[in-house]
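Take a look at the structures below.
One chain, chain A, links the two complexes that follow: it is found with chain B in the first and with chain C in the second.
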Partner chain A sequence: MIPFDFEYYKPTSAQEAVSLFHNLRSQEKNPMYYGGGTEIISFSRLYQLFPKAVIDVKGIPECNVLEFKNDKLVIGAAKTLSQVQESNLFPLLNQCGGRVADHTIRDKITLGGNICSRIPFREAILALLVSDCEVIIENKNGIRKVPLESIYTESMLLEPGDLLLQFTVEKNYTVMPFFSMKKTADGDVDYPQDRIGYPLLSGVFLNNKGHIRAAFSGLCPYPFRSLKLEAVLNDTTVSPDEKLNESVQCLPAPILNDMDSSAQYREFVFRNTLAGALDNFEGVEF
Partner chain B sequence: METLHAIGKDIPKKESWNKVTGAARYNTDFNEPGVLHAWLVTSLYGHALIKSIDKTLTLKFPGVLAVVTGDSMPRLIGPILEDRPPLAIDRVRYFGEPIAIVVADSLSKAKEAAGKVYVEYEPLPVVDSLKDALEKKYILHEDLPLYRRIKPDEIFPQPGTNIANQIKIRKGDMDRGWAESDVIIESTITLPQSLHAAMEPRNARAEIKPDGKVIINTSSQGPFDVKKELSYYFNLEESKITVNVPLVGGGFGGKTTPQLEILALLASQSVNGRPVKLIESREQDFTTSPGHLGLEAYIKLGANRDGMLKAIEITCQVDTGAYTDSGTKMTRAMAADCTGPYNIENVHCDAFCIYTNHTYVTAFRSFGRLSHTFAIERAMDKLAFSLGIDSLELRIKNAVNPGHFTPTNVKLNSSNLGNLPECLKRLKQMINWDEGIRIELANGKVRAKGLSGLWKTSSSPPNATGAAIITFNRDGTVNLNVGAVEIGMGIKTALAQILAEKLQMDINKINVVMEVNTETSPRHWKTVASMTGYMVGNAVLDAAEDVIKQLCKTASVVLRCPPEVLQVGGEKVFLKADPTIFVEQRAIACGYKYPDGSSTGGEVIGRGNFIMHHLLPMDPDTGRGKLGPAWAVGAQAVEVELDTKDYTYKILKAATVLDAGKVLNPKNAKGVTMGGMCMGLGYGCREASLFDSGGVRMNPQFRTYHLMRYGENPEYLVDFIETPQLDSPYGMRGIGEHGIIGMPAALANALSAAAQVNLDFTPLTPEAIWKAKRGVSL
Partner chain C sequence: MKFLDTGTIELLVNGEKRSALVRPSDLLLDVLRDQLGLTGAKPSCKNGDCGACTVLVDGWPVKSCLMLAVEAIGHEIITIEGLQNAPLQQAFVDEFAFQCGYCTSGFIINCHALARIHPKADEAVIREWLQSNLCRCTGYEEISKAIHSVLSTHKS
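Coming up: the complex of A and B.
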């Protein structure tokens, strides 16, 4: 139970949502956009978040699109991970989003919410990081479309009031061969079977016409795609063992060490996973 | 007459329809206008002095009626040793310890206002491990020698240390035992504290009526214990206290000792007796209410070349957390069964109950045997390895049998023990043991098996009782009223089966009172220790005899014959020699009316009781004594598939064979056993209460404290053998807890075999196996 009162708004357009946000912000109501609500509820009930107003974005038509338009997959930010999963329009996204939390919670968590999560794992972003995703954002200056990598480093770089509307991905990325995996402290997560837990390592590998793209969550304090690491993986002059050693050297941050796993074990799992993925490439049947 | 059988049948639980449709009501489902709500303010430190508690802001908060702090009840409480303040005074000894209760007119106000109680702490050094405790990093209870000992014959605190209790078992001649041993192994295991994690968080509601009567509604396994303790702590006559317990949403031992009932009553006192509800959040249930003990155990085990066990030395160190509660009693229970289900004539066991700054502990399914069995069964596997003997054969060879004596010198017979060798033999076939315990597969995978024996008796007071009242309706149907609580294991249905069999009537015509009300239900000690079927079941049989006597007496008048020639069955009383001569049960159960209109007989009311007998406390120097009337024995196995590349694994199969004495309800017995097995596997593979170095709990939620999930369960194989316990209803044995006992041990034995490294701990995560593997190999 959330122990304090807050205002709830459900606007029907993006412009209305953005102006509500600024209006409420000027009243110092610490407004938050509300998608599935799982984090707002979990953190508010523990006194770790105190919004005095929330703006539900599920009534905004643009946020509820989930279809191909002119060879582009368009996913509204308010679509739940379950809806994305069931649509089966982007199998790699199905898999990495479909391993977040459990089925009941994925019926609530939205794609936009997962990607902006305070809990750092944000596994759904992995598929978008490797597929040249573009993000459509509404703010008080109007609508803009930007490449995901331009507004994501360790987390989404959004200004107060920026409202995520949609993610778009070229169709060709949705049909490329891929490999994905997730391990938790308790063991493997065999998609689509649930195993609750944050990732020790959640990884995606996309085979873009023979060139590997890869992104990881759980390994470092935030999800990342590293071009440097990809260069190592794709370097045909280096032996597999050297590739593993070099890969560990080009991580963007120290390996996470927490109650779920030591950094040493995460590194072990990372090396194993890379070795497995590289094996997969050798056989082409990826 | 055709014999009607209710025993041995798959009878659905009587409460099931209400549960599966959501109509069943649990304690917090009852909402009423005017009830106030309480929220606990709990410690943010593992160990600290409370410098001050500032309630000013909270008391000004709209809707707040009171803030209760430790000074409202400046005394210590505890079921064995009084060492725990109901609300912390001056000092907190564990993270989550209750400090204050905020009472308000709504739950949200109570919770929000609780966030405004300002507690000023001064952190103290934290006793974060058994090692810290034994090295006296800090003495947690300086007043240990002054604490009142409620059960002086079972609690022996050691002043100036963190040792709350020491239990000794001294049996046989150790020197001779070691001299006869050709092989001696040593083994040390470490198991963490964990949680009960019942689906229904703990809660209580209290009210003091204007006439002084105290009404408690609670989710408890021991309503009569709540009454007894409140009477004692609050100096109230027992007749002034009524405790109501509806269906309980899982207990696993965690709802046995009163805790929230006391706090709810303090809260009600602070608002002139108005009704106050206190419901723990999941986080509070996980940190404020007691959990499951941790254990470190050292075992030295010797055998001769043939594999006959000759001597055992055991040291158990129980992590009881900040207070003892039932920790001391579980320490004693472990010591009493310390050899595991194996016959060893020379035994030296020291079991210590030790304070730390962890959550305090209380009864947990198996009452300590889960942990202790892990120690014994790992040692047995190591011994088998050293001797080069098949580990199952080693267990059969040394299994306790009739004629043997337990570590506390109770002589065993077939009735009070059962048949362990038969369980092991059945298990051997069930899991195809002979194919080999370790089989290498393709892809670096290995399939392996591990097993565990188990036994357990109860630890009730020597005068624990059960009772039953049977009344009739005008149509001849029956009401059964008992003090046993339905915590999900189907006890009410089992008792109805016992009654139906005895009265030879249709079980659907027996109504069991589902709730317990201490005002109207006959007393039962507590619904714990797998003892309810035995104790209350015997009381039901006694009450049924009483009913039969009364029915036959009235029928003898009607049928004009002596009562001795009559028999009850099929809702009739009939002549044994000629069942065509009978009178209907309904015609006589509420008085018989003669054809001329006059009457005789009157209401039939059956009363039955049971009291434990021949139980004796343990001798402080040798441990001689008898804690429970009988044991139930069993054998369990786990089969795993380990990936030797990354140490992830799947649990393929889990198997259990128990000697159930007599299986009253096969499907329910399987269900309860599987539930226990699942819980044991969860503890074995992932569950642990994690504390940081400041004693702060790091995983106080289901988000971070993971249980086994539905889809992860292995194939369960459950079977029973039946060696009757002669003094128990229809020969049954209590097996409610037993499914859990050997599971972590069997899992560790299977994974040790698979990974070829000694795994002497839980949780058995892939990382933990990887770490062990990087250390020393077998």
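Coming up: the complex of A and C.
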């Protein structure tokens, strides 16, 4: 059980949700937008979150869109990872989102919730980082559309009351060749339980007309796409070994070193992943 | 819709309208068990890891420890008590797909949803869905045989 009380609101429009947020905030109720709610429930149970009010966004029509519109894929922030996966509209996102937690929990976790998560992996964002995703946000000043990379560094840079409505991706990115993988610390345990191992590293590679884009999660304290690293990967003048060595130097933060894996082991996995991924793309010299 | 304090809500559970007195922060699992007397959904990890508390919400498996009761308003909830002679239940008996039985209701609900949603599921899909539930007795082989037997019936 959750050991404290909070108020529950389920608005039917984005404007109502934003207005509610500011109203509740002015009453010092620490309001939180509530998508799937898995993280709010889990952290509240553990005394790590104390909202006095939650605003369920699943009743907002704009947050429930999942379709192509004018050559753009539009995904509502309240769409669950399972709904995105079942739609099969963006296979790379299917794979990234399809590795979060387990299938039943993905029936509850929303795309917006995963990307705004406090948990470091947030794997769904990897597909969006490499595909020039734009984010549509509602706040008290109205709606704005911004490139994902402009509001994401180590986490989503949202102002209090900013409500994620939708993510949009150009259709051509949804059909580009890609390679993605997730390495766990233990691997197969017993059929069908091969999810036990703690997630170690997730990587995605998108082949944009011969130019490789890459993003990683689990390697550093936050998911990232590094243009510097991509420049190394796409440099045809350096040898494969040099690419691997230089790539390690391009990481935006030190490699994680914790009880699940040493930094040295993560680096080893990262190098192998890079080699395997680049080898996977036909026509890309490596 | 808003719930500011403890109040009565109406839920559609196993085809029946049921009333419950809940706090807005009450979990669906606790309300099903403590208010409605439906103890088939089992509390175990209460953290979304084990799947023992799985119920169907609009036909999809959901871990009821990760859902507020007020969220379930307007949705159709099916617990293990609501499955009556489902093929999966007989398959679990036929394949001896339980030992201590604590995880069984969660597994059956999840497998039942799989058989309904993906009656022709391939091995990868079966594997993906079964990963949502843990069996402390490690009876996975028999559970796997049970779901395969039902899916193969659908396939044929």
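The rule is simple: the second predicted complex is superposed on the first by the 271 of 286 C-alpha atoms of A that agree within 3 Å, B and C clash if a C-alpha of one lies under 4 Å from a C-alpha of the other, contacts with A are read in each partner's own complex, and residues count from 1 in each chain.
Please note the rule applied: a residue touches a chain if its C-beta (ideal position, glycine included) is under 8 Å from a C-beta of that chain, and two chains touch if they have at least 3 such contacts.
Computed from a prediction, not measured in an experiment: that's the story for all the values here.
Once chain A of one complex is fitted onto chain A of the other, the partner contacts of A:Lys183 are limited to chain B, with no touch recorded for chain C.
In the superposition on chain A, A:Pro61 contacts neither chain B nor chain C. Greater residue coverage of chain A by touch, when chain B is weighed against chain C, goes to C. Once chain A of one complex is fitted onto chain A of the other, the partner contacts of A:His103 are limited to chain C, with no touch recorded for chain B. Look at A:Phe268: by the touch rule set out above, it reaches chain B but stays clear of chain C.
Using the contact criterion defined above for the overlaid structures, shared-chain residue A:Pro147 touches neither chain B nor chain C, since it reaches no partner. Touch criterion met: A:Tyr47 reaches chain B, while chain C stays clear of it. Touch criterion met: A:Phe4 reaches chain B and chain C at once.
Counting contacts by the rule stated earlier, residues 1-2, 4, 42, 45, 102, 193-195 of chain A appear in both its interface with chain B and its interface with chain C.
By the touch criterion given at the top, residues 1-5, 23-27, 30, 46-48, 51, 54, 57, 60-63, 65-68, 70-71, 110, 126-134, 138, 140-141, 144 of chain C touch chain A in their complex. Interface of chain A with chain C (complex): residues 1-2, 4-10, 36-38, 41-42, 44-45, 54, 56, 58-59, 82, 98, 101-105, 107-108, 190-195. By the touch rule above, chain B contacts chain A in their complex via residues 107-108, 111-112, 115, 281, 283, 645-646, 648-650, 685-686, 690, 698-699, 702-704, 706, 709, 711-712, 765-767, 770-771.
By the touch criterion stated above, chain A contacts chain B in their complex at residues 1-4, 42, 45-47, 102, 183, 185-188, 193-197, 200, 259, 261-262, 265, 268-269, 272.
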